[in-house]
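In structure tokens below, several structures.
One chain, chain A, links the two complexes that follow: it is found with chain B in the first and with chain C in the second.
Right after this comes the complex of A and B.
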């Protein structure tokens, strides 16, 4: 995909489809290690060992509308193409964790893209799911935890237009403050 | 021009026959970003790329292209070849650059007598 944030959206959708109630997403850039690590962890129903074994195979898909599923295979390819690696662990009844590591400055590393919009979309379109999103670049970072937001909001839903606008602003402002975009 | 006839072009090597060597090539399409190819490669086109992994084979199936042409001397990996056989996807390769390979196919489309 043109942006890694679209891969994040795609993988997160898998977790939502697997009935996750908590989704943890982290983006960590490290200049010293020359690495960019994206982790997406959910507490959904997880995969069977058979499903896990074939999830990196594009001809394996749980969907019935088309014969191939390229979400995970393309994410893996994007990582390996930049000199990184890809790992997925899953346990039935526990959830699934995806970890993709990229070469931060590798010429073939796809840009992260508009991660703020991806997170904002996930959070506001799935008000029933808790999200913990953290962005860290060379030690500086911030976290958005919708559980904290919900506690403060006392029942006002996250898809309320004003709350939604605030969340978008929160993401953009915090990212700006770090001043390190990948 | 038919898929099976591509092998006769100078510098083109047949890697896998596919299930439809008699299929007509309708157009030529070039792109290496698989997520784009998925949605934009025209059905029946000859897709010229440098990506020779199994994901390309899956994209070829999804987009229903007539064949895959791997240019720039790139190589298909074993899994890709195996899956192409399995799924009946026609594969070719050539040392030509992407543009030259596509241009050559394109020039043949104008002369078709099918």
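Right after this comes the complex of A and C.
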């Protein structure tokens, strides 16, 4: 993957496939710790212990269309090649949490890329799922909570063209305000 | 900075425009493959280009959705278009520019762009 934001989009699909109704995604950069942490947490059906054991294996997948499953292994590789680490916790009936830690300034750390586009895509194409996204860099941050948006919208859908444009600008403007792009 | 008051204003505006959606209408479906293979090959800008253009042009009979992997990973990004009463058309190796062409030619005028379809590739190889 050319951008970590694409790994986020990809790994988030697993939560969607697991029938999650709530997904929490956070990106936290800390210059003092020289770390970038990306967490993706869902309340989907979770994995069996056997699935959890095999999920980091590129030759394991639940798909029938092809014999490999590279989503999780690619994300893990991106974390480890930057001196970071990768962790996945899952419990059947509770959900799955993925945590990837990267060396913020490590030369092999893949850029975050267009994370706003990833979040916008997830939110507008999965109106039935609630998303809580937070971006924090050296203590300054913002949160997008679709539950809050939905309450205001009173039934106007998130993929309504004007609402969709609002969400995109909300992300871009808040990110600019922080002025710290990773 | 975007405020929630702006979102309220959008809601108020939209609530006065009730009945724009006609769900009974026959729909053309644009399906973009968004599995690991598709995403790595550049499906995100393709999906967003379709969604944006379809909205911009007010094509209410077109629905843009996503799907997983159909097993032709080397041809991603893949876009399948199904229109009522017509055969499915599978476009391969797509990008945002090709998506624009497909919206103009296929979705608007009903002309399939043969050179971008899977039939133009020698899949047997």
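To be clear about the criterion, the second predicted complex is superposed on the first by the 182 of 182 C-alpha atoms of A that agree within 3 Å, B and C clash if a C-alpha of one lies under 4 Å from a C-alpha of the other, contacts with A are read in each partner's own complex, and residues count from 1 in each chain.
Basically, a residue touches a chain if its C-beta (ideal position, glycine included) is under 8 Å from a C-beta of that chain, and two chains touch if they have at least 3 such contacts.
Here the structure is a predicted model, which is why all the values come from computation and not from measurement.
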{"item": "When chain B and chain C are modelled together on chain A, clash or fit", "value": "fit"}
{"item": "Which of chain B and chain C A:9 touches, first, second, both or neither", "value": "second"}
{"item": "Partner chain in contact with A:77 - chain B first, chain C second, else both or neither", "value": "first"}
{"item": "Partner chain in contact with A:160 - chain B first, chain C second, else both or neither", "value": "second"}
{"item": "Inter-chain angle, chain B to chain C through the CA centre of chain A, in degrees rounded to a multiple of 10", "value": "80"}
{"item": "Which of chain B and chain C A:59 touches, first, second, both or neither", "value": "first"}
{"item": "Which superposed partner A:1 touches (first chain B, second chain C, both, neither)", "value": "both"}
{"item": "In the superposition, chain B vs chain C on chain A residues touched", "value": "C"}
{"item": "Per-pair minimum CA distance [chain C against chain B, superposed on A] in Å", "value": "5"}
{"item": "Shared chain A contacts, counted only where both chain B and chain C touch the same residue", "value": "1, 6, 66, 70, 74"}
{"item": "Parts of chain C lying in touch with chain A, wherever the complex brings them together", "value": "1-2, 4, 6-8, 10-11, 13-15, 34-37, 39-40, 44-45, 47-48, 51, 55-56, 65-66, 68-71, 73"}
{"item": "In the complex with chain A, residue positions of chain B that touch it", "value": "33-36, 38, 53-55, 57-59, 61-62, 83, 87"}
{"item": "For the chain A and chain B complex, residues of the former touching the latter", "value": "1-2, 6, 57-59, 66-68, 70, 73-74, 77"}
{"item": "Complex interface listing, chain A residues touching chain C", "value": "1, 6, 9-10, 13, 17, 63, 65-66, 69-71, 74, 117-118, 120-121, 124-125, 148-149, 152-154, 156, 159-164, 166, 169-170, 173-174, 177"}
